[in-house]
Structure formats: structure tokens, C-alpha cells
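Listed next: structures, encoded as C-alpha cells.
In what follows, chain A forms one complex with chain B and a second complex with chain C.
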Partner chain A sequence: MTTLVNGEIDKTATGRPQSRGQGDWAAVAGQESRDLWLSGRGPLLLFAFSVLLSVFTYLAATNRAINFLEQREAVDQTLQIAVAVGVLVTLLVSADAISGERERGTLEGLLLTPVSRRAIVLGKLIAALTLWFATFVVSIPYIWVLGRGVSIVRSALLLGLGVGTLLAVGLAALGLLISALSGSNKVSLAISFFLLLAVFAPSQLPGGLPKGWFGDVLGKINPVGSGLHYSTAVLVNGHGWTRDLEYLISPLVLAVLAGGGLLILSERIVRLNPGGER
Partner chain B sequence: MRTRLGLAFGAIAALAVIAAAPAAAQTTNGIQVTVDQPRITAVIGDRITIRAHVTNSGSTASDPLIAHLNVASLTGTYVDLEDWTAAPTQHVNPLDAHATTALSWDIQAVNAGRFDVYVVMLPNGPTSSGIGPAVASSPVEVTVAGKRTLNAGGSLPVVIAVPLLLGGAALGARLRLRRR
Partner chain C sequence: MAETSLEARRLTKTFGTRTAVDGVTFTAEPREIVGLLGPNGAGKTTTIRLLTTVLTPTSGEFSVAGVPSSRPNEIRRRVGVLPESAGYPAHQTGREHLTYFARLFGMSRSESSRVATRLLEQMGLQDRASSPLSTYSRGMRQRLGIARAMVNDPDVVFLDEPTLGLDPAGQRQVLRNVRDIAADRGATVILSTHTLTEVEEVCNRVLILGEGRVLVSGTVAEITSAVAAPRFATLRVPGSEVGAARQVLAGLQGLTIAASGERPDVLRISRSGRDGMNPVLRALLAADVTVLSFEVEGTRLHDAYLALTGDATVEEPSE
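Right after this comes the complex of A and B.
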């Protein structure tokens, strides 16, 4: 059973402490983060992420076809990969957060602790976001090595942090919603994965999105596509930071709707059996 | 004798008029297109802007026009226009008499070498479409220097060190878990 003892979740305790402080979410976040990072799952994902960035960076620096890219474009491409994959792993970790605990039989213990369900989902959201921040930190040397000499490293890192965090918050919250509502962990992971494919697929179409009003609307609705479009506009096209702000509306709306929805619905949807009795 | 002298003066005067005409403009049927700069230097991968002004120096409104940007290599380099710009062609509304409109193209220098970049105006009216005549601007001489944008040697330490460090950390975490 999982309980809150001295501000920490104690999964071995059998009692039910009466603590119900404002910092409960911090205790849950701390415990979830320790689970993620000390279990080896976080470091392994981070290692795989660094291998991917290394391969891309080395190709960008040696392959003539990619090397042709103007330096700002190489930085932008690497930043896009860093944000996309960082957000992907964050979404997958959050998609496992509730349905996974349910299947492993540890959710019951967590629900028995004197911690509100809102604090539980908030703590899990923050723990998932630590993975995003870790991937961002790992991407810093790659961005630096590609962007030094053209004085865009700082802009690229600020853009990556801003846009990536906005996307990570929105998609992690969405992943937690899917996880809470899914009947099984497999379903939760599959839905989350396909969701991510759906939002990334349009940017991979040959020639990009179709032009015209429909393409514009589709591009602006898609939070991932529009977020990455904003960073490209600033980094590669040299637009001012405020010129394309409308492209940040959909990532912001996603973060507010998914995050708000998660916090509002948490008391109803975080259950032992999705759709069943508490 | 007078006739010969008159012809000689006439020829000289004609040559003087031709020489005095602006080098950046050609006129046909009242449409004139000029470019802002005679030459640009760039480094491969740079984005450059070609600006042109189209003037209708005639006394009547022109037909709708098509403005087409073209790139010709002066050094034998193969040029694929689509690589330089995704939109080389622009449609221009009919120009009133003595009216001028500005056009611009953002292009990317994708090949190293020397190139002439110029704008061609084509009439696109009901009777003039497909017939012409075409009016070309004087060329902008674009000199593109090549460079290697990235340094493989410089990226190698980061490319190797970061995964090694993180792999070591992940392995350490696994071993620590097994020992428990």
C-alpha cells in the first residue's frame, strides 16, 4: 500500500496517515520522479534519445546532402527532432502513468493515501515533465555544436524550451487523460502513440501541408506542427518573436484544455476501474 | 556631303540615346522592369531578396502580367530553379498608365558559382497571352561562395561523449537496481 509519510509516498506502509497538505502534489511528484529515474527507465530513454541526436548531428556535419543545409536550418532541424522526440517520450511515460499503475496493482495503494486525486495527477504530470526537461538539457550540447558561430544558439534554446514545454505540458496532460480513461495500458499507449503520429504526420507530407486556407487552418490547428512552424519562422526565416505568435495559440489551447480538463476531471476519472466504481 | 554628315550625326545621336538609356531597364509596349541591385555576393545557403519594379510607361493600362524570375549560371553549374525558389512566378494585376508596382522574390543560393538572376515580364491578357512580347530586366549578378557549414571534427566529441555518459548512467542505474 502507498501512503504519504513525512511528505513522501511510502508504498510499504499499511497505515493511513491523516496528512492532507497543500504540498501533496510535490510529494507525489517527488516519488514518481524517483520511480522514473531510479528504476532506470528514465536514464535508458535519455540514452536512446542521445544516440538519436548523435546520429543526426554527425550526419548533419558529415553528409554532403545534409551538410548543404544552411547552418540555421541544421540547428532548426535538430531542435525539431529534440522537441518531437522529447515530447514523444513524455507522452508515452504519462500514458503509462495511471493505466500502468492500475495493471501493476499499485494504483489501489496510491488511491488509499491521504492525497487528493488532483494532487496525484498533478504529481504524475510533473514527474513526466522531468523527462521532457532532461531531454532538453541533453539536446543543449548538440544545438551548441551545430549553431556556434551564427549566434542563434541562445534563440534556439529559448525557443526549444518555450515551445517544447508548452507542447510537453499539453501532450503529457492528454496522455494522463487517456491513461485514466483507458481500459488497459496497451490501449492507452497505442492511442497515445497514434495520436502523436497523427499530429506529426502532416509535417512529413512531401512538400509540407497543402497550400490554401484549408492547409493554413490545418497547420494552425495542429499544436505540434504549428509550434514547430513558429520555431522555424523565428530561427530560419528571421521573423521577429511576435510576428507569428498566432502559431502558438493551438499549443497553448491544448495545454490549457488538457491540463485544466485533467485537473477538473481527476476526482472522477482516476479510479481502479475506468468507468466503474471508485 | 550634307546627307552623309546628316546620317553620321544621326547615327551618333542614336548611339548616344542608346548609351544614355538606363542599363537596368528594357521597354516593350510600355512595360519596363528594373532590378534594384546590379550584383549581390552571398555564401551558399544564404537567402537573398531580389527586388524589381515594374512600370507601365505607356499611356493606357496594361494587360495582366506574369513576372517570372530566372537563374542562369555563368560558370556552367547546373541550375534547378525549383531549388532556388518555390515560387518563381508571380501574377501582376493590370498596371494603369504610368503606374509602378514593386515585386520581390526571396531566393536561396543553393549552388556555388556566378549566376545571372533576371526577371521576365509576360503579358497575360485575353489577346496578348501566349503571344508576348516578353520584357526582361537587366540581370543581377549573384556570386555565391561555397562553404562547409558544419565541421565533422568539431561535433565528434559531443556526438560520442554525450551517449557514453548517459549510457554509463543508465547502466549504473540498472546495476544498482540489480544489487538491491
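Right after this comes the complex of A and C.
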């Protein structure tokens, strides 16, 4: 921490103000968040998200019959859309975070500071997650409107926040890894988008996943499908919160592996030239 | 501050099979402005990226203000850099941008704000401090980039093509800033440029790179006297003495004569080898030829640069 002595910076033996260490990522996260929200990208994505959620909620509210179970299904479906689209935009923002800066010529300036690569990616990860939390906050009134009268609003919001945050952390970290390793921003965004389609599409197939052990394994290893299955089990099927915990393993593994991998590999992969020095 | 602020020893960088920087060795002192010259692809930007720890050397080592290259984080605290193609977030203001970078160098919010204000004033940007960077001209962005390079009060400042694309007034202002950095702050400035007049104007020493190697280093005077040779001259004699002059010149070895345009009294002389033009003038005077004018070319940094690199992309010196 820098202190002032007689109005001057108290320089250490090196003659320079020292890095704040853990505070570095906070400075990066703060500026990245401001960039995201003040540049108009964040508000635009949030607006698009709220339009999509409004349309879906309207359809869910007008099409459901007035019975207890279908109201729960409507809440669950809306929550699933909120989580899926929320983590999608989070993934896309993080996929742009390093490769985009490279192309805009702003990454070199950041790499020339004494802030560690780890602090840089951590700051960017947190900034990307602000978008997830914003989409979650936007989805709260929709869930509340659809869930009135069946006492599942609190459960739905807790599930959305828990499962969604787990998925958002994992996918945002994955997006940053892809961004650091991709040769161009377009490639990074395309890979991230197709990755999300690959994990989200199976759960939307007519009739769902194949039945039997293969379908079960497929469902459990897919972090998005697995996480959403868990929320459906609790909200719609009335299962206890601890009964289907195995469905949270893959979202947790994704968050730990992608997040941990990102932090461990950051010093090697966050480079001016994509994928290291060639 | 250490006696030698920058020292590079056999610095080498290869990308696959291509060697971008090949055994570069040099030193620089505080308050020195060192010009880094060379054709495109000579290794200037790679050398700067190595010395600023953005790239890791394949072999060799360097130190900045006594800090060895094995401590890149510590080196980054001691260098300031204006990268070749620096980008600026369009929506940030000049003040926000500098404050953010000062924060990244470990300063408190209040100190960062104070440093940003001071640097904006020094670079003449205080009136636009609160304007988004998207509204800045290229010259203003370059000056902001130099200000950014100064937030940590560096020992060594690397400026990669700081005047590229600027109008003459902008170039002049940037060069004034460069001089101030060295003179007032006592920092070493490494100035990479293609504009040789800038180098002649502000640099104490010059390093000319070619294919990743240091071809020559020294002061402008040392390089021009060692490398450049007067190989061209324009001679004007009275019309009645053109024949006599041609006869004298024909007797000298390695000389080629051509009439200059439509004026038969003006002869353009080129000479191979390193003998220079003094023997030519001596021979003319000895033969009693009236010399109305004798202009020698090939004694400037530009000529030395061309002699070393054969690069024709550099900016012609303006007379």
C-alpha cells in the first residue's frame, strides 16, 4: 500500500510505488466494468436480454393453464432462459476480453504495467460476471410475476443465482481461455458461441436427451444441461435440494477447472501474440 | 539512479526459424536520447518489446537501472513505453485513462489523480482532460501515450514511432516533449523512428539495426564520418571551361560524369569507393579550372543509413 510522507509518495528501496498486490485485480475489474457498462455494450446486451425475457415471459404467462404444476413449469422455463441467455452473454463478453483488446491495440499497454497476468484475467473475469449478475437482477421481476401464489419465487431465485453463478464463472473463465489462445477476436467469439450452442442445444431437443444410462451420463457431463436439470428437479418435480446434487458436479467441475486453469495458465497464455510467442 | 540505465547483452529473439533480433548489445546512460533506426523488419519493435518484458528473449540478457531481466515485474516499474500501435479506449477520458494506469502502477486514488493532472498539463492536454479519447486527434493521442509512459516516473522511456502520422507542428511538440523527458527528468529515451531528421535533431546516439543486428552505433557525427562517404557532387563551371573540366575529371579513376539536365555547365559527378570528393576538387583547382560551385552530397545520416541498409523507405531529410 502506498503511503504519503509530507505529501510525497513513500517510495520503497526500489524507488517506485509498490504494486498493491491483491488490489491490482480490483483496479482492473473496476476499469473493465466501467468500460463494459459505460461503453454501451453492457446496457445494450442487457436491453436485448430483457426484451427476450419479456417475450418469453409473456408467452409463458398467456399459454399456461391455471393450475399449480404448470405455473411451476412456467417459472422453471423462464428461469432456464434467464440463466442460459445470461451465461451466453457473459461468455461472449469474456471471449472478447483478451483477443478484442489485442486487436484494438490496448492489450500491450496493460501488459506493460507491473500488474500480473493473473490479476489482469481475474479483473476481466469479475467484470464479465457483472453482466451475469445484471441479467439475473433483470430477471427477478419476471420470476416474481410468474411465480406469485405458488411459493417458489424464493427457491427459483436462489437456484438461478446459485446454478447461474456457477455456470457463469465456468463459462466466463472458459471464454477468457479461448480469448487468450485464439488467433483473432472473430475466432474467439465463434468458438465460444458454438461451444455454448453445443452445451445448451441438447437440453432443448424435442423429447430431451436419449433415455437410459447413455442419456443420463450425457446429461450429467453437460454443465449447462445438468445445472438446468437440477433446477427443474427442485422447482417442478419438488425434489429436495440435496437429492439431485450429482447434477451440480459438472457445473462445479467446469468452474473449478476453467477458473483454476485460467489463473494457473494466465502467466503463459496472456501474451501479445495469441497462444504464446511464435 | 544507476550509472548505466540500460544494458543489453547479446539479446536474441527467434520466432520459429526466423531470427528477429540477433545478438543485440548496447548500453545507454541517463539523460541520453538514443535513436533506434532500421528498415521495416530490422527488429526495432521486437527489441523494444524485449527490453520492456512484453516478449521474453530466446537468449541474452539485459538490465534496466540495474534491475536484471530475470525480474520482469520490477523492470516494468522502471520503464515507460509508447507502443508502435497503441490503442486507446474510445469512451475513456484522458484523465480517466492516465488515472487508471497510475493505479496499475500501485498509486493511491488521490496520487493517481494528481499525477494524471500534472501529466495532462505537461503535455498540453489539460483543456481536453475530460473529453472522450474518441475525440482526440492523432497528435493528442500520441501526447497522451507519452504521458501514459511517464505515469511511473520511469528511468527509461521507449517511444516507438511517436511522430508517425503527425503534422509538422505535432511532430515538433512531440520532439520537444522527448527532449524534456531526457533533460528535465533525467530519463533515458529510446526513440525508434524512420524520420532521420528527428534523430539528427534530438538524439545523442544512434543505433542502426539491420536484419536484427546492430549494424553500427555511435553519435550522428561518428556514424556519418565512419560510414557515409561523399559519393556525389554537383560541379558548376563557366561554359567556356566545361571541356577543360571534363578533361580533368576523365583523368581521375572511378569517376562518372553526367550533364545535369539542360545545363551543360553543370556536371553531376559520382564516385565509387571511399576516396571522397577532395581529390576531385584538388585536381580541378590544380588545372586552373574556375569552379563556380561544388556541392558535395553523401555526408549526412541519411547517406550513412542508406549505405548501411540500402533502405529507401526512410524520410528524405528536408533542407
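Note that in this section the second predicted complex is superposed on the first by the 249 of 278 C-alpha atoms of A that agree within 3 Å, B and C clash if a C-alpha of one lies under 4 Å from a C-alpha of the other, contacts with A are read in each partner's own complex, and residues count from 1 in each chain.
Here, contacts are C-beta pairs under 8 Å (C-beta built on N, C-alpha and C of every residue); 3 or more make two chains touch, one makes a residue touch a chain.
Just so we're clear, the structure is a prediction, and the values are computed from it rather than from any experiment.
By the touch criterion stated above, A:A60 is placed in contact with chain B alone, chain C being left untouched. Once the two complexes are laid over each other on the shared chain, residue contacts for A:V217 go to neither chain B nor chain C. Contacts of A:D24 after superposition on the shared chain: chain C is touched, whereas chain B is not. In the superposition on chain A, no contact is made by A:V137 with either chain B or chain C.
In the superposed model, A:L272 makes contact with chain C only, not with chain B.
Once chain A of one complex is fitted onto chain A of the other, the partner contacts of A:L38 extend to both chain B and chain C. By the touch criterion defined above, A:L245 lies against neither chain B nor chain C after alignment on the C-alpha atoms of chain A. In the superposed model, A:L112 makes contact with chain C only, not with chain B. Touched by chain B in one complex and by chain C in the other are residues 38-40 of chain A.
Note for the complex: chain C touches chain A at residues 15-16, 49, 52, 54-56, 73-74, 76-79, 81, 83, 85-92, 96, 100-101, 103-108, 111, 148, 152-153. By the touch criterion given at the top, residues 1-2, 4, 9, 14, 16-20, 24, 27-28, 31, 34-35, 38-40, 101, 104-106, 108-116, 272, 277-278 of chain A touch chain C in their complex.
Residues 37-40, 43-44, 46-47, 50-51, 53-54, 57-58, 60-62, 67-71, 73-74, 138, 141-142, 144-146 of chain A touch chain B in their complex.
Interface of chain B with chain A (complex): residues 44-47, 108, 110, 148-152, 154-156, 158-160, 162-163, 166-167, 169-170, 172-174, 176-177.
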